[in-house]
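Naming follows writing order (A, B, C, D, E and F), and every chain is counted from residue 1.
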Amino acid sequence: MVVLAKSLEDRIDESQKLGLQVIKESEDDRLMTLNVGPQHPGSGHFRFTVKVDGDYIVYADPDPGYVHRGEEKMCEYRNFIQNIPHLERPVIHDSTNITYSYSLAVEELVGIQVPRRGQFIRAIASELNRQVYTLYWLAIYGIFLGHSTMFMWPTGDRELFIDLLEALTGARVTHAFNIPGGVRNDIPNGFKDRCLRQIAYFEKRLKEYEDIFYNNPLLRQRTEGVGILTKEDAIKLGVTGSVLRASGIPYDIRKAEPYDIYNEIDFKVQYMKTGDSFARSYVPFLDMRESCHIMRQLLDKMPESGEVRSKLQPNPKGAPGEAYRRVESGRGALGYYIISDGTPKAYRVKISVGSFRNMLALPYLLVGAKLGDMPSIYWSLNYWPVEADR
Amino acid sequence: MVDAVFVGVAVLTIGSSIVALESRELIYGAIALAISMMGIAGFFILLDAPFVAMFQIAVYVGAVAVLVIFTVMLVRTQSLFSINEDKGRKAAGIVLMLVFMGGIGAIVLTSGLNSPSFGKFNSTPVDFTAIGKEMLTYYSPALIALALTLAGSVIGALALARREDIEQKNERID
Amino acid sequence: MAAETAAQFTPVIYMLGFGVLAGVPALIISRLIAPRRRYNPVKFLPMECGQMPTGEGRSHFMMQYYSYILMFVVFDVMSIFLFAWASSLLLIPRTATLSIMAFLGIMFAAMGYALYLSGRKGIW
Amino acid sequence: MASTPEEFRFGNFVGSLIWLILIVLIIISLVGLPIIFVILFYVPLPPVNGEILTPYLFLSMMVDPTRTLPIIKFLIHTHLFKLVVFPGFTFAALLAAATIFIERKFLAKMQLRVGPLYVGKVEGILQLAADGLKLISKEIIIPSGSDKPIFWASPVAFVAAAAAVTALIPVAPGWVVANISVGLLAVFAILGFFPLIALLFSWASNSKYPFIGGLRALHQMIAFEIPFFLSALSVVILAGSLNLTDIAKAQHPFWFIFFLPISAFVFFISSLAELERVPFDLPEAESEIVAGWLTETSGMIYGLLQLGTYVKLYALAALFVVLFLGGWAGPQIFPQELIPGYTGEKIYNPVTVNAIFWFTVKTFGVIMLFLLPRGINPRIRIDILLHTGWYKLIVLSFINMFVALALIYGGVLGPGGLLTR
Amino acid sequence: MTSAEAFIKAIESGSKHLVIKRFTLRYPEEKLKFVGDGYQFDPKRGVGIAGYRGRHILFHDKCTGCQLCAIACEGIAEAIGMVKVDEQWKHNKKAIMPQIDFGKCVFCGLCVDACPFYALFMTDDYELSSFTKEHLIYTPAQLAIKPKYDGDVQIKIDERGATHG
Amino acid sequence: MNQSTENRSNSNFQSSSLAKSKTDTQAKNEPESSFEKKLVSEITSKFGDNVKVSYIRPLRMKIIVNQEYIVEIATFIRDSLGFDHAESVAGTDYPKDNKIEVIYHLGSYSRDDLAGHILALATHTSRDDARLPTLMNVFKSVEYHERETFEMLGVYFEGHNRNERFLLPEDWADIPPLRKEFRIKGR
């Protein structure tokens, strides 16, 4: 069975050739339709249909929407501030970042500026939350590949960062921490030492992750050369985040469009060139390392005292106009497009999330892969179903 | 005791082979086939040939029956071999079988195997190591022939095995 | 005459029977004490990840690797013949090893060719 | 102030132990004794000190060890005891249960968890019983359209086949349920049933995921059966016998693992695949095909399949010990006399007890080795698995077969060899 | 690195953890220690909360019944309703105070930010389970109770790994 | 409300919004802005009156084009300017003007100097018969975004292979939910 085609067009052609249209005519009896999700250990709140020919997937069709809650519509009925708690529901593991870009966009519309210390605290919270998300993602990647230890270790080590975030924001997952104009509160006493200590410990742990997981020959066998997304295809499909960076494009919003304090931070964009499932899973790991580095700098450069948020009137009105702001979240670019009509409520909020954009690559990577590769390809896309549904 | 066991195993074997032939559900037929293979293994045990019995189970139940069940599972419609009820043919088959069995039985009964002195003639069971010994020394050409047969069979099976889908795809492209 | 071998094997049969004796009561007790609520027919549908099942469960579905099954049937026979040889190795003259080597050689050649063939034909 | 269980209080520990013993005693006196009585009425009892033993006499004798011992000895050497209790089913099932518990604690320790903790007060030792109770009290859901006879019969057949394998394993000299001249082949013959059962069960479930799981079980079996056979072949070459007791005795001075390390490795890997354990748990790959061929199982059907799996795990670990680790061989650590100065009838056979001890220790060591990959490795893919089985392991096992041949023909081993005792 | 070496490293890395301390928090016996004891407030830094965001505490002597918390909540969770209380306060003529339905509350703390009189805060009490939904509705009298929280476990890092407590 | 919606399409609105954005942390130095002006002028010089420039801010540009020319202009933007993917496709309903605006936020991965830039390509269609040519053949990445826009706003994309349900439930029988006349219950 040779379905593996090199370029995207070939793959699309192949999928259409072997896919729905052809099946209806003659090959229905040879293919088996498998639902993956919504009640499947290898899917999130998400479903995709695959048709398998023996061990090979010849057709895949994602079907999101199981957790669609109409966040965009809800935003039109609430004040700018009131939007914050429910906007972080799509990705509660990355709730600081999803409110980060919202705050940036609202700040642009309302016309306020964040104090310097507030920017630092925002960045710290964002990096911490990125670690939390990536560890959770990594844990699920581990259990998808049948590696139960890799599920338990990151889930446990995630606790380090959750505790830090809890000390910082007061809540464990849904922080509601970024608001337009700054952050909700200042860092607690002794936070810096604790943070540095836990980062140092975490960097030691990362080495062990590498030993048991990334350098494991069985894992390499399973993921290397699987589901290759070439650079051209990645650009064409408009994927983002670690998926893009694994395909050899060093694109990071923090570098491309430095928001807040990130233009003062020295860091490298981590990327790999192979574009296979392994690279897509290894790039977030490299990001975690780099994130530790960034966090050290942030803690180092942070001004000792100062305001953490600028004064915002109780019910801020946005100036008529529109704003599109992005941040780099755990899953790539996370953009908010907000239209304001001069009232305290947004006229239209569009959330452009990395998961939704990465989902486009799923059918093209699955077609031609083996059924055993399905979990590794699916979850290496850094896909969070709830965020894609919004 | 041994006679009773023999009769039980015989009933099991013949009964399950009848089920294997007559079952409308192919999968039950395949299971009955496996059971009848095991019954044959039971005969070998009763004949003091444990090695052959284990061979029978490992090969015929562990490999052949699995292959048969595998194939049956892949058969799309259960009525692939639709049983044509033809009473005349059935009766003729039964009569033919009875005649055949009677003939065999008559030959066996008249051949002297039934004589009382036969028990003394072959009293000690054959050790299976002797089988291996004979097979490798005296019958070694047979071993080579066996190897050639096996090799030919596997190569032939794979040479005959076709990928329908590839051929279909080629046709479609043409 | 046949009693010795059969007597050797009877404990295995007993053990099989005892396994059945251990398994069947567990199922029966479970059947007796477990709740049996049958008001929801959806409960008894086959697993289809939360969707209504489509298509047949036992469908015409072929893994690509069935050439290995064909090979297995042959090499299973081969390996059991090797056991006959190995258990009588100490009793036979050393020259007999040559014939088993020839046997192995033919089988290996066949295996290599079969693997090559299955790879080339794209069967697996 | 929170009370933490990590603070070990000896009083609590002793108290919980006493409670456990008390509960066990109550259960024995309420349930066990009547059952013993019922059994004793039907079991032929030996004459003791010239008297014909009756059950009532038996009960009165229980307090006097000198009169009880012959009865116990008599009972121990019956076939029923061998079959049901010691080398047979109960021993295997107990070891399997211990394996489940140890697996959970061991993996938990490796994964920085605590594992079962609360049931049974002492580190969750009663978790297994609780799980068993839960499984037995759960409803068995049979999917519609399934083939009911096969669906019900498969788990029972699975347990029975697993039990039949344990019948062939010698635990100590003379302590084997079925001492067969072709014991090794019999083990292989019975192991061939398992994929058959998995295949039938998956077919009977009438569902897609079990179907794929069953096919995968079959492919896995065909990939690893032949390396499995061939790695045992070199053992047979060195031992010159197919009887497992003879094989265990044949490695008296030197265990075969010293001569056949590659075979032992191949055997280990193949056993892992045979047992469907990580990294070869493809038939149950939960992220691909829900739970593989176990998808439609529920309640006690699942419980029986799990019991069968772990009994099989014990059986293969014991087989590894018998084939490569010298069986029950080990230094004598039990004293000849249990009570110094006791001159009555011999209480126990120190050689047998020693053999059983070493066998159990080795088996548990091998079981731990079987458990270890689960904490370390991800699942592999089916094509890699088939490739490994057919291209690598078969070649490796043949390499060691030639090593064994060279050892025999080079005069190192075999009759009159250098290293033969 | 060859694959055998990598395997050995993986096994070493896995089995090393057999002697490393466990990370699990045994929740009902052990509780996490929070930063501060909740409802700390620094007026100099503007509105805000430090410590934990658990259930609310209401200071009856400060609440004026201005309903700002309820207004802040109505777009978020609609958890806060104003109810009459049998108390006489000079600054609370209407004698209404917030009543919070913790079945709806998302613990975002925006009501605390909205309170201009520093009457409403969040505590570190998060154990709010109950058997009925009605029990999750906390009246002003219940909200006035200061919770007792006895968590004392923190993440500690030493050479044998990180542990709770 | 009415005034503001009109304002949005007016170009005189851009000065005020630019003034607002000056408060942003990123310094608004002129050379950056001139780069964007150069980019937009490339489009305007090619297509003339068919392109209406809405605003030019640092890193952000918005042009409004007529729907007949959108495929052509998008192809030009992709081939000549180097914007190679769409980040988001947002549809906005303006019931007062009886129009739906669909806006494509285009970004670039292949050109390093365009990494932070977003070109917003907007087009309008009527509310009653909302139809637009698809950009799927220009930017592959709009496939799911357009599908979402179809079901959320009822804009039929001609040439798109799957104008069908995506995120909403299978039995959704109401009007497209992001239209303004669709009200959330109780609000």
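FYI, contacts are C-beta pairs under 8 Å (C-beta built on N, C-alpha and C of every residue); 3 or more make two chains touch, one makes a residue touch a chain.
Keep in mind that this is a model prediction, so the values were computed, not measured.
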With chain B removed from consideration, the chain sets that still hold together: one piece
Chain A to chain E, fewest steps along touching chains: 1
Minimum number of chain-to-chain touching steps separating chain C from chain F: 2
Pair joined by more contacting C-beta pairs (C-D or B-D): C-D
Inter-chain centre distance, chain A versus chain B - centres from mean C-alpha coordinates, in Å: 60
Separation of chain A from chain F, taking each centre as the mean of its C-alpha atoms, in whole Å: 24
Between chain F and chain D, distance of the C-alpha-averaged centres to the nearest whole Å: 67
Geometric centre distance via CA averages, chain F-chain B, whole Å: 74
Residues of chain E touching at least two other chains: 10, 13-14, 23-24
Residue numbers of chain A (touch at least two other chains): 1, 29-30, 32, 40, 55, 77, 149, 156, 212, 216
Where chain B touches two or more other chains, by residue: 50-51, 54-55, 58, 62-63, 66, 70, 73, 76, 128, 166
Partner chain A, residues of chain C touching it in the complex: 48-51, 54-55, 59-65, 122
Residues of chain A defined as touching chain E within the complex: 77-79, 81-82, 84-86, 149, 156-157, 159-160, 163, 166-167, 169-171, 174, 176, 184-186, 188-189, 197-198, 201, 208, 211-212, 215-217, 220, 307-309, 311, 314
Interfacial residue positions of chain B with respect to chain D in the complex: 27, 31, 34, 50-51, 54-55, 57-58, 61-63, 65-66, 69-70, 73, 128
Contact footprint of chain A on chain F as seen in their complex: 1, 4-5, 7-8, 13, 16-17, 20-21, 23-26, 59-60, 62, 84-88, 90, 92-93, 103, 105, 107, 109-110, 115-116, 118, 120, 139-145, 148, 152, 165-169, 177-178, 182, 184, 187
Complex interface listing, chain B residues touching chain C: 1-2, 5, 45-51, 54-55, 58-59, 62-64, 66-67, 70, 73-76, 119, 122-123, 125, 128-133, 135-137, 140, 143-144, 146-148, 150-155, 157-159, 161, 163, 166
